[in-house]
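Naming follows writing order (A, B and C), and every chain is counted from residue 1.
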Amino acid sequence: MATLYLIFIIFLGGAILTYYAGKLGSVLQDIIFLATILGATSLFYAGVHINDFMSFNPGGITLTWGINYFGWLFSLIVLGLGSLAAVYSVGYMKGKKRRGYFYFNFILSIMAMLGILVSQDLISFFIFWEIMTWSSYLMVIYNGKDDQKLGLKYFIFSAIGAYAMLMAIVMVHSVTNTFLIGNMIEAYPQMSLSWQIWIPILFLTAFGVKAAMMPLHVWAPGAYSSSPMAYTSVFSGALSKMGIYGMVIILVTMISHLPQGIWFRETLAWLGGLTAALGTLWAIKQDDAKKLLAYSSIAQLGYIITGVAIGTELGLLAGLFLAVMHALFKGTLFMVVGAIEKQTGTTNFTEVTGLIRKMPWTFFSALLAIIALAGIPPLGGFVGKWMLYEALITSNHYLLVILIFFASTAAFLYCYKFLFGFFMGQEEKEWEHVKEAPATMVVPMVLMALFMAVLGSWPGIILNPINNGLVDLGFVSTYKHLWDTSILFNSWGNQVVLKPLLYSVVAIFVFFAIVLIWKGFKGTRYVSTKDISSSGEVPGENENLTFSLGFAQPFLRAVGPVMKRQIDRYYTEFADGLESFFEFLRRIYTGNGQTYAIYVFVFVVIVLLFKDVLF
Amino acid sequence: MELFINILGAIVTFLVAFIVGMTYGGLNRKITARVQNRKGPPFYQNFIDAFKLSSKETAIHHGIMHYLGPAFLMVSSVMTLLIVPVFTNNGWFPNLNFKGDLIFLIYIMTFGPLGMALGSGQTGNPNAAIGVTRGLSQMVGFEIPWVMALIALMIQYHTTSIEGLMEAQAQTGTWFMFSSPFAFIAAILAMFGMFRYSPFDIVSAPTELASGPASENGGKYLFVMMSSGSVFTFAKLTLYVDLFLGGAANLPVLLLKTFALYLIPILYGMTTPRYRTEQAIRWFWGWPSFFGLLAIIQAVIL
Amino acid sequence: MVGTPVLFIAIPLLAAFLIPLLGMIWKELVRIVPGLVLIYLLILAVNLLDHVMVHGPIIEIIAGWAPPIGINLVFSAFSGFLVTIMIFLGLLIWLYSYRFKKNVGYEPAKKYFLLLMMLITGSVGIVLTGDIFNMFVFIEITGISAYGLTAFYTGRDSAEASFKYLMLGSIASTFLLLAIMIIYSQLGTLNMADIANRIHTMNPTYKIISLIFFITALGIEAEIFPLNGWAPDAYSEAPGPVGAAFAGIVVKASVYAIIRYIFTIFDVDGAFNFLIIIGMLTLIIAEMAAIRQEKLKRMLAYSSIGQMGLVLVAFGFGTEEGVYAALFLMLNHAIIKSLLFFSGSYLVYNSKDKLIAEMNGLGKKLPITSFLFALGAFAIIGLPPFAGFWSKLSVLTAAADKNMIFIMSLILFVSLIELVYYLRVVNRLYNSKEKASSIEVKKPTANALITMLVLGGLILLIGFYPDVVTGVLHKASAALMDKSQYIHNVLSINQ
């Protein structure tokens, strides 16, 4: 079991070494960085046994570390995505400043996330949680320009969550006298009702912030878009999942014991649904790919929250499967944006167009990721969506399913916007020099894209670990044997046999593609995108006709009333109000010695007057 | 052997769908003309057009996605067709060995337009992209009542499969059109958006967008698009018949029912001017969604 | 046993008097001698603390008169712990300001070190003494040297700040004297243990009035709201290390005095709740004021006040966990706030107004200092895995054990404010977008850098391995809680 120690030592030592190795040469730095992440990852999967726990007592507090099946499932996201993103980072960070800073925080984030998963007690959970928060905060301000104080906003929201969690932790401690999660769960049913309600609320606040749940999501667009893309893929793909991880634990272990738990579930599920819908609408509005993906992440996390909140087995499976999928496709998409940013220097749809022929592999990964995101068969995204719908319908959430459907359909708009904005449209002279991204960046993207395709036909690869994890959480699995690698089942007994179905899709598609390509593609001539019919005129060389400004405006006009109010503004107003109140209070300190002397006497008089009450 | 029969059945289904869809398209043009007091082309005009288009030489492409765009469309249409049970007893055309999950179907139906959207995006023609965004926006509009209707059926009969719903109709002996009238109304209203006839023809919008996504496509591209459109039309109509009109046991009945349904979207608003996109979206979120809601309420109560 | 507690008072006092004389021999001695003295005292303190941990408190009688008549010094785990922190901090302050001669002449340096030694003498005396009048004397010694240090930069503003301090300090002395008089007139004794032994015989009205006077007097020194008007000015006008000395040494001594009165001497139960109330008030008002400050040192001053409020709240829980938490907070506050004062004063070294707004982009120019400041900021906010986290956790645990959910949520809310203003500063340090500050930076001297690195290292050490201090803290808090043992130890010395 000492392997776990060793892994954390590798992470910590690797982080520090990488930070200082920059002075010796960037190649060495890259090697140490990769060796740290990949070494720790392989050591984790080779040397750490599931359900093997160890304890130690720093500062008189018993801490227990070890991993169970549920944590193991999430470790796949963290370490899998983390490793690929690490490889990607090496290419992405080439020639950039502050590499040591980046690598240091990258490693610490991965370490912290793994730490969260192995923590079996609340204190180490909290410690790792906070390390995760500040290392990601440092990433958000990596660029050194914290416009509009995005980093600060992120940190404040994280801190609200963290303090809520800390409060819950000490409340639990005052009852159980230990910090072990197991003891908390055991003691929970015996607590008083108000505590039974408050403790989950406090925990869910913390997890809701990280999972970017409405109305705690306002930090996410800024934070996701301003940290370096190589990190954002982990930030959005894996780090947000820690919120989901915690949420599932709380939902399953606490709320299911609570008679009022239904209200928690419904509220959470609806919040998830609203997050999905509004996140989608805001994503459509964005002209910057980073912002678009950031809002899309919020929306996707909304689906996941809805899935896990409804709490039936199908719902949890759907939510967790979507979580894995989201890590894959959003990780890929942020990497795509990073590649484009690196090659062109901008991520704005109104500036860069027509990259499809210049960056074909990037396009390929983006295409598969978008298909998965949109939930279109035959990629894995559909499996998750299907299970989510079935779970919602079979658990009688009829209006919620409409909301989710609305969100998923509207998501097509931003999916198209993403693909169209970057890769389609007219090819401009300005971007003629653009080349495909280096191999270290392309390979991770393509690998993830292919894995998504595999999951579309064989979702059992992920469903089985999910099921193990749920059993570990004490969830009674009634028909888990039916979760074959290629069959999906809902509780009404409808089943989707994915293999033959999807084979046929693929077969038909390949048939059409081959027939058409065989006959036509070689025989036809490529003409540039300037050679088009445009009201009878042919656009000139420097006329860019690409439709990118005001994209999907009619739709936005139609949903205008919903988007009129931004919750962000309320927060800002609230904060401003607080600050003016503080300013008012600050004036108690007048700077005048006489007033201070008067304060002393007033204090004495008041205390003397009320001495019988006070003492 | 069984596989061979399956494949044969699929091909026959496809041919039938192609012919019927093309004919319906021609009839549509004829009817429209008569309503507008024109003579109009003969009902087989679509076949002539298709023949002409298919015999044209394809000379150019704007890149691989453009080239494959129509193929995506075709794949989606064929997939839809193969999933929708054509006849009630399903003996002749089992097609895919699949119970026909409705949610899967909805997603398969969106697959083609999105692929086509990518293809027309690559042409670099602004009209194409504008048309695509309009189409996607309208889709968000009509999917709401459509999904509401479907969910109403699903929750009432505890199944998400088309076959299951058809069996339910067979057992009760009444069509859902009568037993779940609100769902039917909502679905029919959603159908207007699905078929994109006036006043919901905002996607191709001939006078505005120069036929939108289809611009820059001619010859074989247009032929594939046209035939896939025809197949899709047939598939959608069959789906409606399966869901609301109790399905059809043989071809004449199927033709009768589908054509009756087909008349609704072409006749509605034939003389009405085109909606703007946001008006269209809001139209779908108005009465159609209200009926969808009623359908769900009805399903919950029953 | 390498020495006795009385050395803690005698040696620095002697050194303070000798400094001018030594300066006549060799000017350098002025700066070397305090360091040697403090190193010796630190060794002594650690040794004694080690001894006390095992063998129980050391009671020393001054001038041969046994208590309750004579004056005695008590070096228990509790007071010894505080003395060790203070001397350690004094040593760091000395190290930090060692090479200040370069820009400060010999005369000011002489005064500075003299006053610093006096300050340490007085503060240590407050903690060690077992006699309330003796404590008054030490408070006066501390006060006078503190006024002097505040006015160190001979200018209008520092003189004004010093005057305010002096004025409130005199009020404090008056109240303190009044309180002592009441006690003496009622009980006829000045020995703490003796008073504690007989306090129940006292007339309750007199008892409470004298308690109120004590709290008022000591509250002025301990920066309790609303008695702390002097503090922001004094902190911001005095040199950076003096700010650290106020926060780490003077205020700690005064808080000790309050705690000694409430825990040991008086038997008024309501005093604990009163501590919580005034502690919370101090905490909230100070943090709210801190967020609106434009000058770095003022901000740190308010933050320091707030921390002391939190310490009082923790003591106010009246449980052993509460005392443990309070001591942990005091320790962390001493380390972290000193680091912030030290690094902060280099960050705004050449700036005239010492504004936070002038700190843009200093992370590039002063990387190590900025990093240490950021580390300190993270630690004081209570982010794990730094030192501040453990104390915050213990405060909250103590609050939860007393079932004070409301207090807990207030503390956390205030922590949020604290986080905001510290992060604003850190954000500025690493913000390269806005126009970088044009003010020329001052690189820290080697000794200052070592001081800061030591403090930074301690923050990490305690953060990663809290066991280094928790043992001492537990002993110290147990020593404070055991009132009867204290009385017994002191009063049995004459048998």
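A few remarks follow.
As a working rule, a residue touches a chain if its C-beta (ideal position, glycine included) is under 8 Å from a C-beta of that chain, and two chains touch if they have at least 3 such contacts.
Here the structure is a predicted model, which means the values were calculated and not measured.
Annotation: A-B is the more contact-rich of the chain pairs A-B and A-C, by number of C-beta pairs in contact. Farthest chain from chain A, judged by C-alpha centroids: C. Computed centre separation for the pair chain B/chain C is 79 angstrom, with centres defined by C-alpha atoms. In whole angstrom, the spacing between the mean C-alpha positions of chain A and chain B is 36.
Chain A and chain C have Cα centroids separated by 44 Å. By the touch rule above, chain A contacts chain C in their complex via residues 58-60, 123, 126-127, 130-131, 133-134, 141, 144-147, 149, 151-152, 155-156, 159-160, 163-164, 166-167, 170-171, 173-174, 579, 581-583, 585-586, 588-591, 593, 595-597, 599-600, 602-604, 607-608, 611, 614-615. Residues of chain B that touch chain A in their complex: 58-65, 67-68, 71, 74-75, 78-79, 82, 96-99, 101, 103-104, 107-108, 110-111, 114, 117-118, 121-127, 129-130, 132-134, 136-137, 139-141, 143-144, 147-148, 151, 154-155, 158-161, 164, 210, 215-216, 220, 224, 276-278, 281-282, 285, 292, 296, 299-300. Residues of chain C touching chain A in their complex: 160, 163-164, 167-168, 171, 175, 208-209, 211-213, 215-216, 219-220, 226-227, 229-230, 232-233, 268-271, 273-274, 277, 285, 288-289, 291-293, 378, 381, 383-385, 389-390, 392-393, 396-397, 399-401, 403, 405, 408-409, 412, 415-417, 419-420, 423-424, 427, 430-433, 465-467, 470, 474.
Chain A makes touch with chain B in their complex at residues 354, 356-357, 367, 374-377, 382, 385-386, 389-390, 393, 396, 398-399, 401-402, 405-406, 409-410, 412-413, 415-417, 419-420, 423-427, 490, 492, 494-497, 500-501, 504-505, 508-509, 512-513, 516-517, 520-521, 523-535, 545-547, 551-552, 554-555, 557-559.
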